[in-house]
Amino acid sequence: MQESTFSAVPLVAVLLPWVSLLAILAFPKRAEKLRLWLCFLGSLATFGVVLSMLPGILDGNIYTIKLASVVENLEMRLTVDTLGYYFGLVLTFLWLLATVYSISYIDHKHNRFFAFMALCESFILGCAFSANMFTYFIFYEMMTFGSYPLIIHEETTMARRAGYKYLVYAIAAGTVLFFAIVAHYFWGNGQLGFGRYGVLSLEFASRAALLTVFFTYLAGFGVKAAIMPLHGWVPDAHPAAPSPASALLSGVILKAGAFGIIRVCFNVFGVDLMRELKVYPVVAVLACITIVVASVFALTQDNLKRRLAYSSIGQVSYIILGLAMLAHDGALGGVMHLAHHALMKGCLFLCAGVILVKTGKKNISEMAGIGYQLPITMICFSVCALAMMGTPPSVGFVTKWLLGSGSLEAGLPVYIVVLLASALLNAAYFLPIVYIAFFRWEGDEVEEHGERHHPKLVFGKEADHELVVPVVILAALVIIVGIWSNVPGFPYSLVSKVVNVIFP
Amino acid sequence: MKMGTALNLVLILLLLTTALLAVTARDLLAAVVVFSVYSLIMALMWQRLQAPDLALTEAAVGAGVTTVLFVITIFKTRRREEE
Amino acid sequence: MRLLHNYHYAAAMLLFCLGLHTVIVRRNIIKKLIGLNIMETSVFFFYISLGYLEGGIAPIRTGGADPARMVNPIPQALILTGIVVAVSVTALALSMVILLYRQYGTLDVDRLMREEEPEAGESGKEG
Amino acid sequence: MGAWRHFPIFMITVPLLGAVLLPFLGYVREKWVPYASLLPLGTSALLGVLLIGRIPSGGYLSYHMGGWEPPFGIEIRLDYVGLFLMLVVCGITTLALVYSRRYIEKEVSGGRRTAYYVLYLLMSGAMLGFVATGDIFNLFVFMEILALSSYALVAITGNRNAVRAAFKYILMGAPSSIMVLLAIGFLYSVTGTLNMVDLAGRIAESGFTEVLIVSYILLVVGFGVKAALFPLHMWLPDAHSIAPSPISALLSGLLVEVCAFALVRITLSVFTMRASDLVMGTADAVGVAAAAAVLYGGIMAILQKDLKMMIAYSTVSHIGYIFLGLTAFTAEGLTGAMYHMLDHGLAKACLFLCAGNFIYLKGYRRIEDLKGAWGQMPWTCFAFALASLSVIGIPPTAGFISKWYLILGNVEGGKWLYAAVLLAGSILAAVYCLRVIYYMFFQAGKEGAWEEYWHDAPPAMLLPVWVLSLATLFFGVFSFLIIPSLLKAAAYLL
Amino acid sequence: MKKVAALLFISALAVLLLYVVASMPPMGDPDNPTATHVIPRYLERAEEETHTVNVVTGVILNYRGYDTMGEVTVIFCALAAVLAVLGRERRGVIHGFVDRSEVPASVIVKTMVRFMVPFIILFSVYTILHGETSPGGGFQGGAVIGGSMIIFTTIFGLYESSRRIPLKVRAPLEGAAVMGFFLVGSLGLVGGGNFLTYAWPRVAQGLHPSLVVWLTVLVEVGIGLGGAMVLTSILFAMIREEEEIAPAS
């Protein structure tokens, strides 16, 4: 691996969100606006600091800082390599937008929400910048518990139940993951770090042992990444959480699981060992099942956010599928989809939030004509919905194209069938929303003031700027990133550097 | 059998008997008194084992102080075991 | 045959078991404590027998007594401590018995333990 | 040889002497007793801190009492692990003592307060002596001081439940002490010595295998009762939950640990490697009991309605952790066990003191009553949450580090099942701890159950709680300060 | 059922213990480990090293003095524990149960006791002071004093006996044993040795034997006084009537 240079910047980035926390602690009762905007500034500064590392990362530098070392081999260390940087950039950006959005969206218990938002950002950034599995796990667990208050923020019965389910899943997963790391440490000769081509090998451990490690890792991270039999908490948690939190759940926290799997595949096991162990077909099958079944489930949902949640389950598995192809393009598409999906799904959830705030409507069947009431929001929604289906020129298309190309490269065109099926299903569950929003208002009679009539069309009363601006930015990026993916800092510029090394 | 051994055996037999009596007696006061006798026999036994310091201690503490503590307690609570 | 030779030890063990049996089975608290004391003295007995020397004399060096014939003083020193510990535990246990009888009106351990606890809440405090 | 050579003996005797002198102050100025009692413990803690670095890792400090060399006189033998545990004892006892003043004013009637502090100091000093001694009979003597003072401290409120719990404790504790005494007698009969190091050498050469095995079994049972190892734990839940909270903290956070530590020491440094072939069967049985303890304690804790009862059962479970670390017979497992003694001590003490805060301020004992506690007592609730995370073993608390080493040790020892049990134990811990946290933070309390405004416990009660909970965090993040030396010391012990 | 199980358990334990006994070294054999390992030095050199004729006293106070310090702490602890459970009389307010229940003691008995008690105490003082030369020592003497107080109390009642040894005498002396040990132990440090060193290495040719004996006697007296006072106080605490003990609210 290239020599890493010492730099305190990663630590600064991880600690900056705490500024928001300090702001909240400093004036918990007074100066509400100031406090909230300080939270925003904390988030902005974090993003800025992460962004400032971009030139160095593009030059191939690796920044590292050792926090603590329990014993040799077992240390807390932050390292910003290209892959970690990529995830960090995506998440701080999405976090920034979600913070802005929350300022207007959250209407009670601001302090708790923003405090935990900031904490979560810090922890998950720690995940992204972890240098080894030990550090990753520590931040991952903290993030798990830090995100709990976000999910139950509404404190409705539904939210509590969802939070409970989330905790049950997360704790079980954490335990399995913990076991995986101990086994990894034990059989990996004490090597918990991320190597460029993986650190485990059959020299030190038997096949069965490595398989155990792999599948416990997969199960542990699979809960967060919502691989199909382990996805149970996702469809409950997303609708229950406030919309910015759902956007982050779907856009970032699910990705933390997926990112863990990426790390396991690329940097712990390495592609060669994956081939040798022949684990990838199992993973691929799981991913395919998840993609298709989740989409089918999504079709049946009437609650918008629940439908989006199921969609997320399917989409995150694109990443897993891309990894399981063990091909250059497949990996490229899968890893890039991490950012792509964050943009699209973040936007969609924020749109759902706007709808909820302005009209109080949760279910798709009630949304007739809403496109005229919230034109900007719904246009953005439509853009993202189309992108989800894989319509060019959007990020969704890039993903699908690369995955398709990857499956040809891997010699398994059957994946293309899955991708196409998924695209069709996506169309089947997204297009009706767009259709209802823009083209259906006549048929829906409603009863109001004792008489039945068609709802009046209301034009142009868009939501606050804080709500709309993030939505618009995300929707624009869905297109822009889809077209100019190679702009420095955009997914391709970063991911290709990683993937090109692994698949020369 | 030597004279000393026979005496030892008798003492041990007495010890076992008094201990058994002490734990079976229904009257607690009787039990405590028997226990005091047990302690005295024990002191005697220890004297025979060439431990005069301990014989003295056991006579004073085991047969004396402990017994008195038990007796006080029984006076303050009840004398007979409950059914 | 060693058992017969070590009959002091054997007697101590039997007393120990008798005492333990009393502690476990007897329901009367005072009986339990008598059992406890029997256990203790039996162990002391065992220690002192350990230190005994065939034909030995007490370890007091008066009048040019032969050190080689003296019995072992260590167990005796230990047991002095042991006796003090025993009487201390007994005193504490008995004072608790007095208090328990005053509060529960029984010396029967089963009844004592069966007694319902007052409803939780302020129960931790008195007065 | 500097004066520091004498520090260990002063760490032990100063609290004991303080206990003897305290009644005088009690007659003159009873009000000053709580403050004055801090002095001896503070002195001990200071001396302990000054000893850090004096003991070479892998080595030990040997102090010959009265100047008689070891097999003839009593030796204080302090290795790195021992000093570590002594420091933990000093720290937690001092903090719980700071906490005691207000709590005891409310819970314990006037005449008994001085007795409380006297017993408290005796208990602390005895724990220090217990950890440090290198003589097996001396171990027994200090165990008895410890036991007597803890019996009385459980009963100190004079409340009928308390006296009953204390009596239950005596009925199990006293026979167990006698068993230990008998076991020491057995050992003495075949070795003729009482010094632990000398014993180890003599045991290694001794041919009396049966005697050794039985004496080991008796020691395990005897110390097992004191350490509340699973089938022998019956006294613990009552005693720990009914005692005044600072005492619960001491019992749960220290007493069971030092007893477990004594068993560890006896196993590893008295019955050394050759002999541990002999005792391996017993050790396996201990492993099974410990695994059962982990699960049983966890499940029982989930079923409890009373907060302190829940914490007490959690202790039963965590004692299982410590013993599982020991029976792995690997350096990692032992390190995990030692570190668990530290973090469990800190976290449990913190939890009990938090529970004490609720009792002190509102008289609430049931978990259900804590719904919405956050609104009134945020500081207590946050400290409770932090300590709970350590009990569960969530990073970055110290509980995580010890769990890591415990599981790693069991994996290295090839004991996969026990590793799984440890994991299951932490899931159970998550269930019982998070339920309380959930009630505190996310449930609305009953009407009028809590004040509308923040009104937390007084600072003297919050300070120890927060120091303890932050310490769990500190020792999680800065575990590297201790772990390497512990690993080295553990490897040396094995 | 429970009884049968307990009986089975105890029987098994008895068999196990007897088995152990059968495999132990024979009792009284001069070749036993107990008789050959540490002992010879004590027996041969105790007199010159500890200046006590009674080797047991030498072991208790000198070789294993630290244990004995623990022991006296135990009884101090027992006192504190009993007082914590039962409470202590307040100065000047004492009601003995004997006073109230009118124990019928004849004049003869009273006179006997009045006559005997000083002699018993004299005997115990002898026991304490000659602990290093003859059987007995501090604790035995203390226990005998405690016993004499018991006799006195049963005949004359708590009021009379607590007038003889009032609280203000007992209370300071209860810790005498521990303090005596601590004092002598620290003096050992001053003398350049370790804690509890009687023969001070700093003094040329060692401390004069008679001084060592004086130190030993000092400890013995401490133990005797402390033990006697503790036992008396425990006794008084247990005899006291309940109205006195009821916790103040």
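Order as written gives the chain letters A, B, C, D and E; numbering starts at 1 within each chain.
Here, a contact is a pair of C-beta atoms (placed from the backbone, for glycine too) under 8 Å apart; a residue touches a chain by one contact, two chains touch by 3 or more.
Remember, predicted model here, so these are calculated numbers, not experimental data.
Novice: What's the overlap between the neighbours of subunit B and those of subunit C?
Specialist: E
Novice: What chains do subunit D and subunit E have as common neighbours?
Specialist: Common contact partners of subunit D and subunit E, which must touch each of the two, are C.
Novice: With chain centres set to the mean of the C-alpha atoms, which chain is at the far end from subunit A?
Specialist: Centre of mass proxy via C-alpha means gives B as farthest from subunit A.
Novice: Of the pairs B-E and C-E, which shows more C-beta pairs in contact?
Specialist: Per the contact counts, C-E leads.
Novice: Centre of all protein Cα atoms: which chain's centre is nearest to it?
Specialist: D
Novice: Express in whole angstrom the distance between the two chain centres, defined as the mean CA positions of subunit C and subunit D.
Specialist: Distance between chain centres: 26 Å.
Novice: Could you put a whole-Å number on the gap between the CA centroids of subunit A and subunit D?
Specialist: Roughly 44 Å separates the two chain centres.
Novice: Taking the mean of the CA coordinates per chain, how far is subunit A from subunit B in Å?
Specialist: One centre to the other, that is 79 Å.
Novice: Just how far, in Å, is the C-alpha centre of subunit E from the one of subunit A?
Specialist: 74
Novice: Mark out which residues of subunit D touch at least two other chains, giving numbers and ranges.
Specialist: 109, 137, 141, 144, 148, 151-152, 155, 158, 163, 188-189
Novice: What are the residue numbers in subunit E that touch two or more other chains?
Specialist: 17, 20, 23-24, 34-35, 38-39, 42, 54, 56, 64, 67, 70-71, 74, 77-78, 81-82, 85, 135, 139, 234, 238, 247-249 - these are the residues of subunit E that touch more than one other chain.
Novice: Throw together a list of every chain pair that touches.
Specialist: The set of touching chain pairs is A-D, B-C, B-E, C-D, C-E, D-E.
Novice: Which residues of subunit C touch subunit D once you look at their complex with the stated criterion?
Specialist: My answer: residues 16, 20, 23, 29, 32, 36, 39-40, 43, 46-47, 50, 74-75, 78, 81-82, 85, 88-89, 92-93, 96-97, 99-100, 103-104, 109, 112-113, 115, 117-118, 120-127.
Novice: Mind listing the subunit E positions that touch subunit C in their complex?
Specialist: Against subunit C, subunit E makes touches at 2-3, 6-7, 9-10, 13-14, 17-18, 20-24, 26-30, 34-35, 38-40, 42-44, 46-47, 53-56, 58-60, 64, 67-68, 70-72, 74-75, 77-78, 81-82, 85-86, 133-135, 139, 234, 237-238, 242, 245, 247-249.
Novice: Would you tell me which residues of subunit C are touching subunit B in their complex?
Specialist: For this pair, the touching residues of subunit C are 7-8, 11, 14-15, 18-19, 21-22, 26-28, 30-31, 33-35, 37-38, 41, 44-45, 48-49, 51-53, 56-60, 71, 76, 79-80, 83-84, 86-87, 90-91, 94, 97-98, 101, 106-108, 111.
Novice: Could you pull out which subunit E residues touch subunit D in their complex?
Specialist: Subunit E reaches subunit D through residues 16-17, 19-20, 23-25, 32-39, 41-42, 62-67, 69-71, 73-74, 76-78, 80-85, 87-88, 90, 171-172, 174-175, 178-179, 182, 185, 188-189, 193-199, 201, 247-249.
Novice: Given the complex with subunit A, which residues does subunit D contribute to the contact?
Specialist: By the definition above, subunit D touches subunit A via 389, 394-396, 400-401, 403-404, 407-408, 411-412, 419-420, 423-424, 426-427, 430, 434, 438, 441-442, 477-480, 483-484, 487.
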